[in-house]
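A, B, C, D and E label the chains in the order they appear, each numbered from 1.
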Amino acid sequence: MKRVAVALAFFVALIGLWELAVRSGRWSAVLLPSPLYVAEYLWAALLDGTLLESAWVTLKRLLIGYVAGVLIGLPLGLLTSMSQTLEDTVGAMALGLQTLPSVCWVPLALVWFGQTESAMLFVVIMGTVWSVIIATDYGARSIPPIYARAARTMGSEGMHKWTRVILPASLPFLVTGMKQGWAFAWRSLMAAEIYVTILTGFGLGHLLHYGRELNAMDQVIGVMIVIVLIGLLADRLLFSPWERFLHSRWGTNVKAS
Amino acid sequence: PRAMAQSTTVRVGHFPNITHVQALVARAFERQGRNWFSERLGPGVKVEWYTYNAGPSAMEAIFANSLDVTYVGPNPALNAYARSRGDEIRVVAGAVNGGSALIVQPNSGLAKPADFRGKRIATPQFGNTQDVAARAWLVAGGLRITQTGGDAQVLPTSNPDQLSLFQSKQLDAVWTVEPWVSRLESEAGGQILVEEKNAITTVLVSSAAFLSKNRDLTQRFVSAHRELTEWILQNPEEAQRLARDELQASFRVDMAPELVARAWTRMIITPEVTLDAFKSFMTSAQQVGFMRGAPDLSRLVESP
Amino acid sequence: MQSPPIPREGALAKLVVENVSKRFTSQRAIVQALDGVSLTVAEGEFVCLIGPSGCGKSTLLDIMAGLTVADSGRVLADGRLVQGPGRQRLVMFQESALFPWLDAFGNVMFGLKLRDDLSQRERKEIAEHFLRLVGLEKFKHAHVHELSGGMKQRVALARALAPDPQVLLMDEPFASLDALTRDQLYDDIQHIWMESRKTIVFVTHNVREAVCLGDRVVLMSPSPGRIASIFDIALPRPRDINSPDLGDYTSRIAAALKNTLKEAVSE
Amino acid sequence: MKRVAVALAFFVALIGLWELAVRSGRWSAVLLPSPLYVAEYLWAALLDGTLLESAWVTLKRLLIGYVAGVLIGLPLGLLTSMSQTLEDTVGAMALGLQTLPSVCWVPLALVWFGQTESAMLFVVIMGTVWSVIIATDYGARSIPPIYARAARTMGSEGMHKWTRVILPASLPFLVTGMKQGWAFAWRSLMAAEIYVTILTGFGLGHLLHYGRELNAMDQVIGVMIVIVLIGLLADRLLFSPWERFLHSRWGTNVKAS
Amino acid sequence: MQSPPIPREGALAKLVVENVSKRFTSQRAIVQALDGVSLTVAEGEFVCLIGPSGCGKSTLLDIMAGLTVADSGRVLADGRLVQGPGRQRLVMFQESALFPWLDAFGNVMFGLKLRDDLSQRERKEIAEHFLRLVGLEKFKHAHVHELSGGMKQRVALARALAPDPQVLLMDEPFASLDALTRDQLYDDIQHIWMESRKTIVFVTHNVREAVCLGDRVVLMSPSPGRIASIFDIALPRPRDINSPDLGDYTSRIAAALKNTLKEAVSE
């Protein structure tokens, strides 16, 4: 309780300082809009539906693309972990493409799919899939061999071994990789939305870009706040449960809370 | 050193667009060794040109003090003036009026705003003059339009994309500016539904700080601009050629002479500008929700 | 995993190791881990393998389990050639090989779930029975990391016993436990063995432990891994690890062990 | 050697397939330019200097911004690790801002700094600093307490403790965090360059964007290849030595190579 | 870190623990780890602390080291109040507390580098000397993870000895080692102690180990942590851990240890 209060006080003080800085008149209103204006913008955009609409558009793209990326990456990663040759070929390709910021796919995606949802999904998938492949591969390779041997003596083989031993045993790595994939997907989607217009719907990135077009920094900051909130929420909903499961089961890194 | 640079260099922005004809012609002259502006600004004053492809980023550049004077559309100027509560932006002269229009697909049956329910209308850029005009026109016709949607979808799309999307019928209408109006007509068979003959298209804007610090210099710049405009009006053929050359040489944009000539007929090139025109822009911007409150426009237009 | 019967060698021989050799080639060196090892384990017998580090005890156990394939020689279980791991010969490993993503009960169930001949209810009952046997019925849903070292090895024991294997192969199961816990487990394992009459092969390098537990103690010598000598332990059961009765055997075997070390060094 | 050959054969085959796909005529040259065209573009751009110039501009931005981000993040992270209150305030802020794709800072950076290097550096720093803070904080908190106690009995205190015990002990976490910071910085810089024009120099992102503007997919793909190569090289030069040091010293995860 | 002298309690008392109590308050429970513990350790004495898990052995050692502050009571070293850790009383921990980012030599140098009174050359010589003493001169530049458990604890011993402390506090230093390695280290530590005449407090829960090493064995009982009894071990040195001479003391102390456990349970 006390800690929450301290954190709250800190953020309130931060906003207070910000307001004071604006009032001091040292910065023009375009450079630094008052937090009140930001709140006003957020309120208005909430009421006229823009905020919810565009958040929904963005989230839909992100989730569909991400799930597709994971579903493609997971089996590929397991596959590459099984063979040295696949590791040297597909694995090397994944390693290379993972370093490519996936916003770089936008121009190709646009000529391949047009200014449509598919282009956005492609970009999100390119952000997710390589991280998932690499993490799954690495995870499956890092499993203490003793698990596999114990499972074998008990008669676990084939599919059973993969789904009941290899996959759960590599969970700690998987979650890390899936988190990274999420972070990259989120980043690439934002960049893509800011960069290009999509005929089928405007997302948060577009809203942010429009804030810039109007020189409306209150809108820019407002949308940034919404993006942060969605990011935190996603983390809380998508990954925290897994991480808590991992930490309680593996007994690792239990942070004093 | 910074003060020195400020007093001896004028940083001027413009778009690589036929509606910024004064800048194109001046730069074409410079390539021929005739320094139209610096000759008229006095000894030791240099002009540096910067190219932007969007009004808001030109305005950003003024806020960030990386630009002193720029050719820009009236709406970004108005918007930037309002956002900075009148502290940063001054309109010092007119440049080009007219040249923008709403083009619809041939035989689409689209005639009035209400027909656009559920349709896609492209504009060159979010919040620019044509974008606001399109939205205001739709809102005035009773449609609900938000930044990201509403009854009709206003779709900020770059001009080249507009053309291809219009050709492939993914767009129902386009509200844009020359030379694209002409290209949409000639290359995609588009029909003009609304034409804004007298609406301001391009103005000359100065940073308020630059203006108050270098009033004489700005004044000389504006009169050079007026003189140039006069020259263009008197030598349309040569001006068109110079503008085409400049687009070709500096921006690798190839424009057919007929296209330029056709666009020319829709543009009214003039150094005059009045506050009244901005008032109607403000009304439009307020209608479409791009502007909150009613900013005081008294300091916006300032002819030095 | 087992081929058709082969003519028997010894009437009640549960496990027969015949002239098994194994060599490992790593980047740095070639190690002859086992060199012509032969050993017969009778049904219901408790055999302890002892020897200095690296003499091939774990390798021999793995070959018996079918986890490692010998270069030459063969292993027969119930007269059938061992060609891979089988549920009849479960291994209990040195380090904790419990699965951290399952709780204690889930770990014991793992092997049982692979037995198609049992209903889900039977499996649960068996798992609970064995958790009770090792005294951990209260820790049924404990996570692996919440268990102490001794409790972990108890769960591992229950997991190994639950699918009812005929042979239990144990690789230094108590090596990482503290003395008090270990003493407790010596009692437990002896009781369980006396009741269930499993055949057990137990690897250790603690002489006292081997004497306390084994019917026979097989002493191995390193480089190359061979059987140096075999001691029959004729002491009544259950035996107490701290009992002075063990002293005589212990010092004899310890002396022999030191000898194998010296030989290995002088070679 | 054999493994290298296999990998090489794989990538050569991949390019061969690509060329075949182009030849089949199923896709227009705009959708899928021949690998030969891509190579031609790369060669031409290499000869006329565009490629090296823009790579240099991008790398300079990235390196300066990244180093600044690390230098800011490291002490801040150590600081937050020392106090529960700082953790609850600065730490929480870092956590929130880390989820914000740093391309979202571009509009603010542009009005604050203009279309200059500073704006780009700001975006890169925003990409780096939060990851470094979080990793340093977490690393310093995860150190086995026994190290600190052993050091204390030997008389290590104050600065000595921080520089000789806490920092090296948290190295494994630090390297992870710095890698993540790098990945985010790299992504945000690319997105920013693609998104806005910077007056002081054209980077790889601009080159890619111009490829799109010219509908020159050979240029787009060529620049993407360069970006991948730079990413891999950076990984090799910046992080591999540290990781090798870590793995050899800590004895962790030694991958068969 | 040491206050001005306080009138001495015993002429040659190196460490005096006076009526020390310590209580831990965790989220779940309050534990009285130590309750009025007093103990005097003479100069050059080898004292072993023994007792069941959780009886407060480590806590007492930490308080002697100055790493933990007692709730009441005090500790005197050489007649001076202990107020914090000091180089005169080095601790060697149970788990390997070697720094993985330094090699063996770097670890031994760590404490030496904090001694301003030595030149760099002297430090190097001392570090090499102690690495030689524990028989690891060849592994000077080995990484920590490349060392076996026994080698690690040898490096830890060298690291603890190198800054020349007068008191060595050892918390189950050999607990995680295998029997053979341990036996070797019993010899080593006895030799080192006999040569250097350090004062040593050695925590263990292995009775035989305590009897083999200690001049005195202090038996502690848990909840609350107290000293139950003290045994003087009058055996000649060096002692062999496997020697039957230890048997008598071992069984007496083991019986007493079992008693403390029973009492703790019945309470």
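FYI, a contact is a pair of C-beta atoms (placed from the backbone, for glycine too) under 8 Å apart; a residue touches a chain by one contact, two chains touch by 3 or more.
Just so you know, these numbers come straight off a predicted model, no measurement behind them.
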- Task: Using the touch definition from the top, list the chains contacting both subunit D and subunit E.
- Result: none
- Expressed as a multiple of 5 degrees between 0 and 180, the CA superposition of subunit C onto subunit E rotates by 180
- Looking at every pair of chains, which has the largest contact count? A-D
- Note on the structure: When centres are defined as mean Cα positions, the distance from subunit C to subunit D in whole Å is 51
- Message: Need the CA-centroid distance for the pair subunit C / subunit E, whole Å please.
- Response: 35
- Distance-wise, how many Å sit between the C-alpha centres of subunit B and subunit E, to the nearest whole number? 83
- Note on the structure: Each of the following residues of subunit E touches two or more other chains, namely none
- Query: Residues of subunit A touching 2+ other chains?
  - Reply: 30-31, 209, 212, 215, 217
- Provide the list of subunit B residues touching at least two other chains, using ranges where the numbers run on. 60, 63
- Touching pairs - complete list by chain label: A-B, A-C, A-D, B-D, C-E, D-E
- The answer for subunit D against subunit B in the complex is residues 110-116, 196-197, 199, 213
- Query: Where on subunit C is subunit A touching in the complex?
  - Reply: 65, 67, 85-87, 89-91, 93, 95, 97, 99-102, 110-111, 114-115, 143-146, 159, 163
- Query: Which subunit A residues qualify as touching subunit B in the complex?
  - Reply: 28-31, 40, 45, 48-50, 53-54, 57, 114-115, 197, 199, 202, 206-207, 209-210, 212-217
- Task: Could you pull out which subunit C residues touch subunit E in their complex?
- Result: 52-53, 175-176, 178-180, 205-206, 242, 244, 247, 251, 254
- Query: Residues of subunit D touching subunit A in their complex?
  - Reply: 3, 6-7, 10-11, 14, 30-31, 84-85, 88-89, 92-93, 95-97, 99-108, 110-112, 141-142, 180, 183-184, 186-188, 190-191, 194-195, 208-209, 211-212, 215, 217, 220-221, 223-224, 227-228, 231-232, 234-235, 253, 255
